[in-house]
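In what comes next, chain A is part of two complexes: it sits with chain B in the first one and with chain C in the second one.
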Partner chain A sequence: MKCRKCREAAVIEIRRHNAAFCRDCFLEHCNRQVAKAIKEHDMCLEREHILVAISGGKDSLALWAILTDLGYATSGLYIDLGIGEYSERSHKFAVDFANTRNLELKIVDLTEDAGFDVSGGARSSHRPPCSVCGISKRHWFNKVASEGGFDAIATGHNLDDESATLLGNLLHWQVEYVARQGAVLPATNDGFVRKIKPLIRLGERETAAYCVLSGIDYIVDECPMAAGNTGLAYKAALSVLEDFSPGTRQMFLGGFLSHGRERFFGADEEVRLVSCRVCASPTPAADDAECAYCRLKPKSRHSGFSDG
Partner chain B sequence: MKVKMRNPDRIEELDDVRTVGALLARLGVHPDSVIVIRGDSLLTKDQRVSDDDEIELRPVVSGGAS
Partner chain C sequence: MKCRKCREAAVIEIRRHNAAFCRDCFLEHCNRQVAKAIKEHDMCLEREHILVAISGGKDSLALWAILTDLGYATSGLYIDLGIGEYSERSHKFAVDFANTRNLELKIVDLTEDAGFDVSGGARSSHRPPCSVCGISKRHWFNKVASEGGFDAIATGHNLDDESATLLGNLLHWQVEYVARQGAVLPATNDGFVRKIKPLIRLGERETAAYCVLSGIDYIVDECPMAAGNTGLAYKAALSVLEDFSPGTRQMFLGGFLSHGRERFFGADEEVRLVSCRVCASPTPAADDAECAYCRLKPKSRHSGFSDG
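Moving on, here comes the complex of A and B:
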């Protein structure tokens, strides 16, 4: 197999592009796809300071590397969720990456800084661990970005993640979620910092390949909390379709973002936001002025964790 | 050859496999679900492999909620 661009020996084939690439042309391809996604969706400007959400996995570390290569001013944010050895290892990958590239990495330790970990939060709130994880991460991303004066928060959601989320939302006709799913979630006057997803043109096989070919070590192990996650079932279903017709994911998500999403506008009622009475983060007025994150915390006190 | 597989970590020992495609077929692994690593580079499914090779099949699907 030859590289489509330079005819050297290829190291990876990407069926949806009907192409194979050598190492250098593949890394260039990844950078170009991210640059294209940023431009296509007006995600951010060159002078802006971006907070990159870092998990220690392939997507977030590839994202941080590519944004840095493209010349963006970035800092990373790693949140230690207290998931035993998994968190210890992912923490180390995040720190090693930042140190190797001389980049700033901010660290939040959920147990120390908030008084509960994901398991404790899940037990006391009767929410699934993935829900507690998501609520906690969204809270801290926004808090650190807002207090640090960042222009945007970049997350490592890729083409496979976003197409699986879209499929799940459509299968359940969660039209308000469909209307809100986008490559960019704009900043609000109420305190939400803009969120961007620069990897939406890259599949997770590409981000894994990017890391290996760039010499980036990342945590390969799956989060032990993720087993049985329905997102995996939607990914598997899309893989069958992708195998039958390469490019299906790109058409599904790309078509939605370019001309499908607007048809759902209005499905999400405009929500009036107020400041959370506990932490001052923006939260829907209907939630008794206490945000979802803070509603996790008091219940966690009963499980023996200190207040944070 | 020695083939390192993940989640859970294990080693498979195989002989008489000529190409990456044949290796994946022998192990029942879909080519799009992994990257195939030899040394610090990747292999496409048409590339030849030998009994002396040490290869890692690294899964690429991650499952956290988005």
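Moving on, here comes the complex of A and C:
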């Protein structure tokens, strides 16, 4: 198997592109795919300052490396979710990467800065841990980006993640979620910083290979809280389809973004937003004007009553 | 395992209903599911005369049996597609069922009545055999129903078929096909008879069990022309999801029919239809006013030129 670009021995084959690459041409291929996604979806401009959401995993570290390679001014933000050894180890991978590349890494410690960890938030809010994690990350990424004057928040959602999310939302016909899913979520007047997903043209096999081939150490374990997550079933179903017809994921997500999504415009407009009475973030009026994040915090009036 | 209805020993478990049934209660359950689908989607009225599309397989024979049980006036239509031994055997199963139940079975022989079989039509039109089969069936079912004064054509599309078709159309974002997919396709002024799919609440495992438990012999083999059909990949992917979360197919298709489909309304309106200049059926204006079916027929001016 030879590299499509330089005809040297290839180290990786990518069936959906009907191509194989040597190490250097593969890393360049990844950079090009990210540059293409950014351009195709008008994600950001060259001079903009980007806050990269860092988990210590393959996707976020590959994303940070590629954005830096492409010349973007970036800082990382790592959120320590307080998930025991998993958080300790992923924290270390994030710090090591930033130090090696001499990049700025901001750190939020949920237990110290918010007063609860993911398990505690799940207990007090009766939400699943994955939901508490998502709400907390969204809150803190936006807060740090907004206060730090960043133009955009880049997250490591890859092609496999985004196509699985889309499949899950369509299987349930959650049309308001489908309407809101995009490669770019624009900034809003009420304080939301633009969010971008530059990895939507790369699968997770490719971000893993990118890290391995460029010497980036990352946490390989899945988060222990995510075991049995339905997202894994959506990914497995899409793997069956991808094996049968390579390129299915890219066709599915690409077609959605280019002409499927417009069918769902307006499906999320029925929700009227008001300012959270605690932190002023936008929140649906039906939720008593307290946003999902603020409702995660343990209430002092509830002290002593948790877990019966 | 006991029957949910009568507490006798169960013979089949249906995970998505969290239920098991004995033979008699299972057959009754199938009848109820079909009655429910018909009512839910206003498929047909009690006094209407229904032409049932019969292939000799489990779905169409179960459908015919259930519609008869429910008291509908039905005739069957079997189309001999000229696919060698497969057609001979399925033909015999259809005739045997009709004779045993004393039901009227109409028969079209594609080779005799149309002048080509599926392979011949595929050669002369350069279409895949499955496409030729679908076009020919649509043409003849509609012709026989229309000329015979039938109120509706009932087809054996089951829950697995319909959810797989929907998944395939969404993966490709073929929005005009999504818009056209429904439990009922209404009659049109230009000669299309109403089409209904009364089996959309039953999976193929259930239609097979219905036949086995009620003593209906059917052709078990898949059509030899369908091997490698992408529809099988969509079904495999949905099986992964159904195993993970029983009821996924029904939720997916049910949600689509109740509130997803409306998002696609209008997506199929850009196609302007004209009358086929050969048979007068409606056909897209772009196709030189000759419908897909009429273009399958071998042209005399092409004689001797086929297959080089």
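Everything below uses one rule, namely that the second predicted complex is superposed on the first by the 290 of 308 C-alpha atoms of A that agree within 3 Å, B and C clash if a C-alpha of one lies under 4 Å from a C-alpha of the other, contacts with A are read in each partner's own complex, and residues count from 1 in each chain.
We take it that a contact is a pair of C-beta atoms (placed from the backbone, for glycine too) under 8 Å apart; a residue touches a chain by one contact, two chains touch by 3 or more.
Being a predicted model, the structure only gives us computed values, none of them experimental.
When the two complexes are overlaid on their common chain A, residue A:Met1 makes contact with chain B while staying clear of chain C. In the superposed pair of complexes, A:Ala10 makes contact with chain B only, with no contact to chain C.
Looking at the shared chain after the overlay, A:Asn229 reaches chain B, while chain C stays out of its contact range.
Shared-chain residue A:Ala289: touches no atom of chain B or chain C. Of the two partner chains placed by the overlay, neither chain B nor chain C lies in contact with A:Cys279. Ranking chain B and chain C by residues of chain A touched puts B first. Once chain A of one complex is fitted onto chain A of the other, the partner contacts of A:Asp221 are limited to chain B, with no touch recorded for chain C. In the superposition on chain A, A:Glu162 contacts chain B only, with no contact to chain C. No residue of chain A touches both chain B in one complex and chain C in the other. Put simply, chain A touches chain B in their complex at residues 1, 10-13, 15, 20, 23, 55, 57-59, 130-131, 133-134, 157, 160-162, 164-165, 204-205, 207-209, 212-213, 215, 220-223, 226-227, 229, 231-232, 235, 239, 242-243.
Residues 170-173, 175, 230, 233-234, 236-238, 240-241, 244-245, 248, 251-252, 255-256, 258-260, 263-264, 267 of chain C touch chain A in their complex. By the touch criterion given at the top, residues 6-7, 30, 32-33, 35, 37, 40-47, 58-66 of chain B touch chain A in their complex.
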